[in-house]
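Order as written gives the chain letters A, B and C; numbering starts at 1 within each chain.
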Amino acid sequence: MFGLNKKDTSLLLVVAVLTLFAPFILNPFPTESGLAQFNAGYPDLMQRFVIFGIFAVGFNILFGLTGYLSFGHAAFLGVGSYSAVWMFKLLSMNVIPAIILSVIVAGLFALLIGFVSLRRSGIYFSILTLAFAQMSFNLAYSVLTPITNGETGLQLTLDDPRILGVSATADGSIPVTSLFGLEMRSTYEMAVAGWNFQFSAGYYLCAIIMLVSFYIAVRIFRSPFGLMLRAVKCNQNRMRYTGLNTRPYTLAAFVISGMYAGLAGGLMASMDPLAGAERMQWTASGEVVLMTILGGAGTLIGPVLGAGFIKYFENIFSKINDNVLHQWFGFLPDGIEDFVVFIIHPFIGKGWHLTLGILFMLVVIYLPGGLVEGGQRISRLFKKNKSSDDGAAAKTTPAE
Amino acid sequence: MGILEVKGVGKRFGGLQALGDVNLSVQENTVHAIIGPNGAGKSTLLNCLVGKLIPDTGSVMFDGQSVLGRSPHEINQMGISRVFQTPEIFADLTVLENVMIPCFARRDGSFRMHAFGSVRNESDMLEKAETMLDDVNMLSKAHLHAGSLSRGDKRRLEMAMCLVQEPRLLLLDEPTAGMARADTNNTIDLLKEIKTKRDITMCIIEHDMHVVFSLADRITVLAQGTPLVEDTPQNIKGHPKVREAYLGEAQV
Amino acid sequence: MDAILLQILNGLDKGSAYALIALGLTLIFGTLGVVNFAHGALFMIGAFCAVTLQRILNLSYEEIDPTQTDFLGNPLVVKVPYVQAWFGPEMGGSIIDWSVPLAILFAIPVMIFVGFAMERGLIKHFYKRPHADQILVTFGLAIVLQEVVKYFYGANPIPTGAPEAFRGSFDFGVLLGFDPNAIIYPYWRLIYFAFAAVIIGGVFSFLQFTTFGMVVRAGMADRETVGLLGINIDKRFTFMFGLAAAVAGLAGVMYAPINSPNYHMGMDFLVLSFVVVVVGGMGSLPGAVAAGFLLGILESFASMNEIKSIIPGIDQIIIYVVAIIILLTRPRGLMGRKGVMED
């Protein structure tokens, strides 16, 4: 189906089902229950899952396939956000032109940066992309203030022209983003027994765009072009002596992944029409690197998993506080309870980044293939147990 | 007029004259060997042919066109393939993928944004690659990772990757360097097999004289950056100048 | 003329910090072949050594001072630092005042220990892994170290003063015959520059004049051969990591009065230090030092109003622009050897 083989089709379908039913799946606990804080099925968070999923899937096309480690991809996300907000300011509140513009602008920006950075490889490439991103960040904060509105960030105002829309609504407020009239923030709530499921228009737009982006990524992975990108990672020398020009291949991969980042930025602005320079900082670039590696670089599903994993736990961990911990460990004797809470305390709440950093180090050291490799190892372990049982059974047979 | 014409090529590295005044003509459908002791300039000459180095003087014409100033991928697209001293393959890809990449390179040129095709559906390319693998007796290993192959198989694979491009000239850079005797013999057999099976022009750079005697139609002996003699293997064997060049080295 | 001199002076302290961090980065890269993204964190830990010592010295007990009363007429409870109780108010007071310079003594063992622990516990396992993995794992480590510091010291910058005696400024202009107040330069920055010069000189002479340094230099040039000579390179390289950590840490200790330490100062300096290393030439120690000062001074020139009015925003990006130009035209950097990590 869709020009994919059976395995990829089922992968795509699984991802589709997971994203489309996310409002249910991420909301397993009734609203009143004590575990409701682990629900993630509200629009704001779900949007972040899929938007960062897009970002990571795009980053993986560059890093996972060609092995070029960019530390500046947040710049493209930032540029995408700015372009989208400008579209809302100047043209209309419809998200389609905004998203299209953000992809195009990010793509052009990536073409420029990639053209220069890809003249080097290895660590030099990483540092060049880092330098470019940091430069964009600094400029966005200072001289480019007329375009970026500096530290405050770019926002919509009541006197924006909006040629194809209105500057202000009838009641004098700033109009909201929409898809041909369907407001992005509109949410249908469905109360079933103790559960409260939320279906947001914005989330479904993001989810569908994510599925399309994921599908495109699968096609790229399986295409001759994708094969060439994997060859770049393996042996550029052999490629050159096989008559292949590596530069345009890497540049194309760089631009595609930049466009994915721009798309993510545009969607971010479409959900919440503001854009700030901090989105371009190199720590933000580091985050997408974390997502991709944690999930499994070079695999199809890895970056999506990584993005979901990081964004989910970021949200959950920062909500856990000492009171929650005391509830959990209440069954322990008092002294031990306090001690356990004391030990866990640095890793929760604001300490989420500490947990993330440790997790990331562990993954790089012990599990270079990320969560995907972890899953494979576990399933192999089960298979091995099974087969070794069979083997033992076979061995005992002759003894009879 | 040979398919490859090297005229008056010279190359200096600082104070070292690596190549003097090299003239060479490789005829179509022959195996031409370039031999010489260490430091004779063999590798420098080869690098000048494939675009890695640009000679200071002289010209290198392939099929009537100059290769000078062209980059390696352009020279490959002209029809020159190269086998390296240590096999250069795509270690993380499967053997079949390794052979398919040169197939695509031949069909699609040095760059094509073929992002919506599917490697699986390229039946022509698959068939071509599989036939090639069958030819070198590696079809059973098509789905193994290339990095996991034995050294001999890696050499075989690299050869297959070059041959599947149907090059008009195949350059081999010391294909048996550092190999054990058995591996060397296998490689020689493989080359002989290729020579008898297809009409191919080969140019072999080799340090070991014995490797090329049974293989080459013509041999050029290179010493200190200049060709000493060019003749048939029979005549080269007893040539006094050649003995001198090699014996001189043997005494060291 | 005086304006130019002022900018050069202004560039010196930042340049010194860049140079010291870049020196450590280069030592590690040159000897161990490891790209250490956690090096900025070492700088930060150094700065927090100063904070920690200041806090330790300020540990106090409460005492009733019979000579004073609070506004209700009760005897006043005052805090007396233990140091003052032990050494007397005069001596104790000056010990507290001098906490930053004293922190140097405190920081050296701490930093060497941190460096050893890092190398033996983590970096050692990454010598044979690709550079990308090294970048990733040290990036993870940098996040961890930064978050640990944030956990213990909070997110806000912690002002850490220089000794009273050095808080003033020095009127350079008068010395050189300019108008008074034309070139004013804080004493501490001058001290920072001198300190950096001493450290850099120390590291260079250590490498130049000791047998140990000779082996290390040989190892930087050709690791395999030195290993073949039967010299235990690994042990020496562990020591080098400790040394590099100490250099970065001391740079951090002394920088505390210039810029109040905060948990992300390491990351801020790291990006710039990497740029410095690249401009100087990967693996070249003199290159790292020269580029550190050069970029520090360039940055301070670019922030002159006269220049900013011609090219707005140049002060924000000058370092990156220089780095990009260097990388594209001369990838080995100003003084790098040819072929080191070039492609």
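By our rule, a contact is a pair of C-beta atoms (placed from the backbone, for glycine too) under 8 Å apart; a residue touches a chain by one contact, two chains touch by 3 or more.
The structure displayed is predicted, hence computed values, not measured ones.
Trainee: Mapping chain-to-chain touches, which pattern fits: line, ring, star, complete or other?
Mentor: line
Trainee: If you average the C-alpha positions per chain, which one ends up nearest the average over all of them?
Mentor: If we average C-alpha coordinates per chain, A lands closest to the whole-structure average.
Trainee: CA centre of chain A versus CA centre of chain C: separation in Å?
Mentor: Taking the average C-alpha coordinate of chain A and of chain C, the gap between them is 35 Å.
Trainee: If you average the Cα atoms of chain B and of chain C to get two centres, how far apart are those centres in Å?
Mentor: 53
Trainee: Determine the centre-to-centre distance between chain A and chain B, using the mean Cα coordinates as centres, and give it in whole Å.
Mentor: The answer is 46 Å.
Trainee: Along chain A, where are the residues that touch chain C in the complex?
Mentor: Residue positions touching the partner: 67, 69, 116, 119-124, 126-128, 130-132, 134-135, 138-139, 141-144, 282-283, 286, 289, 293, 346, 351, 353-354, 356-358, 360-361, 364-365, 368.
Trainee: Can you list the chain B residues touching chain A in their complex?
Mentor: 50, 71-74, 76-77, 81-82, 84, 88-93, 97, 100-102, 104-106, 108-122, 161, 165
Trainee: Considering only the defined contacts, which chain C positions touch chain A in the complex?
Mentor: Touch list, chain C to chain A: 35, 122, 125, 131-133, 135-137, 139-144, 147-148, 151, 267, 271, 274-275, 278, 282, 312-313, 316-317, 320-321, 323-324, 327-328, 331, 341-343.
Trainee: Which part of chain A faces chain B closely enough to touch in the complex?
Mentor: 3-5, 219-220, 222-228, 230-231, 233-235, 237-246, 248-249, 252
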